[in-house]
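Got some structures for you, see below.
Two complexes, one shared chain (chain A), two partners (chain B, chain C).
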Partner chain A sequence: MQAESTLAGVRPARPRHLARTFTPYLFILPFFTIQAVFLLYPVVSALFLSFYQATGVGARKFIGLGNYVSLVQDPRYLHALLNTTEYALGSILILSPLALLIALAVRSFIVPSDNARSLYRLAYFMPQLTSFVVIALMFALVFDKDYGLLNNSLAGFGLPKIGWLRETSLAMPSVIMVSIWTFVGINSLYFLAGLQNIPHEINEAAAIDGAGRLQGFWYVTLPMLRPTLLFVIIQATIFSYQVFDLPYLLTGGGPSDASLTVVIYLYQAGFQQFKLGYAAAIGYSLGIISIVLSLIQLRVFRRWSEV
Partner chain B sequence: MSAHETGEGSKTLIGGQAVSRRTLLKTGVWLAGMSLLAACGQPGAQPSGGGAAPTTAPAAAAPTTAPAAKPTTAAAAAPTTAPAGAAAAPTQAPATTGAAATLEFWAFANERLGFVKDAVQAHPELTINYRVFPYQEMHDKLLAAVTSGRGAPDIVDVEISRFGGFLKGDTVPFVPLNDKIGTDLDSLYQSAATDPWSWKGKIYGVGNELNCCLLAYRKDVMSDLGVPTPFNAWTDVIAAGKKVVAAGKSKLFALHDLHFGDYYILTQSAGSQLFDENGAFVGDNDAGVSAMQWLQDQVYKEQIAGIAPADAQNMWNGPAYWAAFKAEQFVGTFGPPWHIGVWMANVPDQAGKWAVQPLPKGIGAGKPTASFGGTGQCIPTQSKNPDAAWQVIKLANFSKEGALSDFKSRTVYPAFKPAYDLPELKAPNAYFSGANFGEIYSTVAPTLTPFRQSPGWPDASDAVNRLVITPVMQNQKDAKSALNEAKTEIQKTMSGG
Partner chain C sequence: MSRSAAAAETVPVPRAGRLTATSPTILLGRVLGNAFLVLGVFLTAMPFVYMITASFKPGGELYSIPFSIWPKSLYLGNYELLFGQTSFVRWFANSVFVSLTRTVLAIFLALMAGYAFAKFDFRFKNVLFLLVLGTLTLPIYVLIVPLYDMMIQLDWIDSYWSLIIPFGAQAIGVFLARQHLLSIPNELLEAARIDGAGEWSIFQRIILPLATPVVAVMAILFFTASWRDYIWPLIVLTDDAKFTVSLGLPSLIGPYRQEYGAVMAGSFLSTVPIVAVFLVMQRRFIEGIMAGAVKG
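After this line comes the complex of A and B, so read on.
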């Protein structure tokens, strides 16, 4: 120990200074190394790939923006984009208000007991813990035309059997229904967290000023929920444009592309048609769309907060 | 001076010993570096725990159970002339491998490995590390491996509909097997065993399944209705179907509205294929149109068929499908052994009530069978042990042991002709009213329409599903115009558009 102290004492100042400077960076180095290898490199590599005609195994040909030009002329891509937008609108216009309604109900006098509230929170969160494969298998049985739970329930009202996942007009709405079931719980938890952050005093003050429940919600609760709303809508938009698992497992993107999403098309282009450059371009187009939509939403919410 | 000031940093107790921050950091960086190096290493270099444990053949070369009367191809080079006793002898050692060479074998179904394991059991020089992935994942991983130039296995199961995709680009990532197969090619039903994995005269894989399609029907129902069987022509089948429907309980067929299988089977029976010998789509020719129109007619015009209860992930084997047959909503089907063969397990209470026969005449050329499905074993060009890999493929696919093993475990009828001498394959099937499947298959197999592979196969099957099958079977779109539309898209996709 004595020898170590002596050695430490005679160390030149400069290396020690350098060590102090670099030590924090070394600590965070593993994280950034992993990010660089597994995130940054594929992202940059895919960008380069999107400028090449890379089909199957063999040589690649640089075609500049050729893949992007083909994209905007590809009716299947445009159809997939339309389907995905329909899905995103379902997430934003149906799922988000429903989640807010559930959050308000759980927090309101409808559920007076704390234990019951915890039970509701748990119940709503359960789908989030369930594998998409299990959800898809379950709903494939629910939606089955001949033996499904839904059609057999509707038959009680004298309604005809419906091919929920097999008719082109119903496939995407059915996928949206499953998506709502799956994600409404986690979104209502976001809203619950937001509602809990609104001080009681403000609602009480509004009530004293004569605001009813609806007015209190419209003029106090909703504006105070703005950050939560922004978060929920932006993440719903981004995740909606990335949707793959549920429609792929439920319908495979069919029938006749009725539920084809952009990411399913990306997968098909890359791994079934082996058009790797084209698939990379689809991926980048998706990234650009998500960024643009998020920026629009940020701007809209900023304006709302200025009003 | 504090520890911090001396540069020693704070110390952590690990295992009772003080470890300085610097030591911890060095260790961390070292471990991270090693992990990175390991991650960048060739994944196939050593067995992982992810798949099945490496299978090492038993040290003692036990005699096989091949019937003594006939030769077996397990005995290496001369499969059809080797004496029966040769089955027990080890085949010639792989040329480029030592005894220690471990082969990587990728598959997408555990069930497809049994016959390989049985076939190589008597060959201790062949050590195989089997890895089983889900269907999609395995083909995706294979694509990633052959595209990146590293990580491909020595042997891989490539499903028939996925092989065409690997022909895109200017390089085929599999080893040509023509020279290795040599004259043994004659011992195979090539339409099923090698054609699907061949391109431009080169054979890149060998499949062991003879997936001949037959017509199956409820013999008891037909007898009750006074319908004579077997059927000679499809018109007889339609007449029988009308009687079945008139009886008020069932329909004859469950036809698919999401998958091209039924259309593909009938197109072959009509004497055509999806592609010609140059790889161009011809599924819209007269044979294809008549097959597709026939399918639509049975649902909407003749009304003897309904739409099959299937879902996107399970077109041929889902719970709703079997529930419908159990409930006798349908009393007939046509398909390959992997479809008809699972009736026994899924509808066991109808044992003895079914019968099978070759496909009737009346659509195009009226061939008595068609081939549908299959999986071939290929050797990627990245393999460091192509000779040993071929040895495994040969033992599994050119031997009675391999054929019998897969027949016993999966009721697969082999593409290896000499196996049809085996008594097991000739045994009558009680479920199907005593039908001799082995005899039927070996009789109809030579009439199979030659399979034409194409780089456009995955695109074509997808386009036909989307633009033909669903619109024609659901919305009664005209078969000819739907097939023309599909052809236009397939040609555009294949030309790089």
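After this line comes the complex of A and C, so read on.
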């Protein structure tokens, strides 16, 4: 841009020019100041902290990779990791296909009018209009064994009353159900946006070449949706590994750690037991998991596109 | 897709024309498909309906058999309890204050930085922008422990500062602002410079008004994120009077207190501000929330 103004021959006088060279730095200064102080500094500081045995009070002792070694041998951490993986798998294997199905249905001949289409979009968007705290409080009541909406509705079909959040085998699946309820709508909106980017002509060409509806979906629509699929799945995975509000408020991580997630464990270790170094290591493990999983997914999808 | 689906079936018999809604296959597909979609909408809506009706039931009715989702009468006791015997009003005001301040701050800083990245050339520009992109998906949990330590050092525990200042720099905002401001023609800025306008007044008088759409998207994104925030207030707030709505509501349910009716009333009321914003600007709202997924 400076080059442009030189060409036009309207280059400002020297002091102005000096001001211009400083200007962009002044514009980014407030943002990067806060970014440096409250993000970059603590990120680095957390890395150092994770090499120390540090509690709320008392001296800090350097233990190298000690915290990480303890982590991979800590049964509660491994249990939390397993639970969180179960939650993430629920997101990827149930939520994403369901969201895609809804998006496909809304886009297809099933919903012929534009008004009906936007009505469905709005209806499925509803859970985004409230907080996870409210959602958790709501579902705590829905799941209530004797007086809850769910059991009393199921009783109509002659099903017995179930302690959804109180049984070790059901606590995590219940949390997953709430998560699906919360996120299916927004994910189908991503798929709808992706479907909109596929030109009609491609589907029509496939149809003229004799592709059936299922074939058209499998060989044309799905590969064309690849960027959206990748985005949705990576997002779902990364956010799943960070889940806290829903399980913490629904079950507190219980019963007997059945729904303990990595972040609930981090919260307990860092902010209830004040094992700061250990909690910092849990935080870093989460960051590493997120990066590794997204890289794997990127590779898998790249290979899929080559086939 | 509907066109292609129709085309698929018309190819063998071109003269028959497109299938109409009266064709049995299409009709059956429509009925089943809509049944599936309506069931989904029903399941999505029911917990909300339940939340609202439960807020109008006295405690005894909430825990009674036979179960009915509808209240026997419009009981207002839960709301009276919420306003009279809890700090709900204070929590609500706290949430409004914190969310608004944080939103204004984050928008302002993001616009300034986004403007610099969109319309200036400077050294380290690319490196700095990569740094912004790199922090987009960084989970807060990587840094939450030292950040808490900083809050103690700064004496910001139980202070609104801890909820506002650390969240003033939102990388997603810089990204969105830059994308939007790229489309502003350079000639406009050059013309203003020739007319002798200072850089700051160009930002104020040209950039800010032209940024309205992206400001709306950011406002929705940052406001809802702040309104919903739970774990950070949980960590840095201990004083009931400083609580936000999200932190206060769950605190009404404890070993000594089980005011579920009042909690449902508060949940309902705490949803109203977001719904209000949504009703005013639906399209931008959906855009804002969808953009938010990129942020950690």
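Basically, the second predicted complex is superposed on the first by the 288 of 307 C-alpha atoms of A that agree within 3 Å, B and C clash if a C-alpha of one lies under 4 Å from a C-alpha of the other, contacts with A are read in each partner's own complex, and residues count from 1 in each chain.
In this text, contacts are C-beta pairs under 8 Å (C-beta built on N, C-alpha and C of every residue); 3 or more make two chains touch, one makes a residue touch a chain.
Source: prediction; values computed, not measured.
Under the clash rule set out above, the superposition-derived model of chain A with chain B and chain C contains a clash between the two partners.
Of the two partner chains placed around the shared chain by superposition, chain C is the only one that A:32 touches, whereas chain B remains out of contact.
In the superposition on chain A, contact is made by A:251 with chain B only, not with chain C.
In the overlay built on the shared chain, the residue A:59 is in contact with chain B alone; chain C does not reach it.
In the superposition on chain A, contact is made by A:276 with both chain B and chain C. Looking at the shared chain after the overlay, A:243 reaches neither chain B nor chain C. Of the two partner chains placed around the shared chain by superposition, chain B and chain C are both touched by A:147. Once the two complexes are laid over each other on the shared chain, residue contacts for A:233 go to neither chain B nor chain C. In the superposed pair of complexes, A:23 makes contact with chain B and with chain C alike.
For chain A, the partner that touches more of its residues is C, with chain B and chain C as the two candidates. The intersection of chain A residues touching chain B with those touching chain C, taken from the two complexes, comprises 5, 8, 19-20, 23, 27, 30, 136, 140-141, 146-147, 249, 271, 276. Only residues 5, 8-9, 11, 16, 19-20, 23, 26-27, 29-30, 33, 37, 53, 55-59, 70, 136, 140-141, 144-147, 165-168, 249-252, 254-257, 268, 271-274, 276 of chain A touch chain B when the two sit together in their complex. By the touch rule above, chain C contacts chain A in their complex via residues 1-8, 11, 21, 26, 29-30, 33-34, 36-37, 40-41, 43-48, 50-51, 54, 62-65, 67, 69, 108-110, 112-113, 115-117, 119-122, 125, 128, 131-132, 135, 137-139, 141-150, 165-166, 168-169, 171, 174, 186, 190, 193-194, 199, 203, 227-228, 230-231, 234-235, 246, 249-250, 253, 260, 263-264, 267, 270-271, 274-275, 278, 282, 286, 289-290, 293-294, 296. Within the complex formed with chain A, the chain B residues making contact are 1, 6-9, 21-22, 25, 28-29, 32, 36, 39, 136, 139-140, 143, 146-147, 165-173, 257-258, 309, 311-313, 319-320, 323-324, 329, 455, 458-459, 462, 465-467, 470-471, 474, 493, 496-497. The part of chain A that touches chain C in the complex is made up of residues 1-2, 4-5, 8, 10, 12, 19-21, 23-25, 27-28, 30-32, 34-35, 38-39, 41-43, 45-46, 49, 102, 104-112, 120-142, 146-147, 149, 152, 155, 181, 184-186, 189-190, 193, 195, 200, 203-204, 206-208, 210-213, 216, 221, 235, 238-239, 241-242, 244-245, 248-249, 263, 266-267, 270-271, 276, 279-280, 282-284, 286-287, 290, 294.
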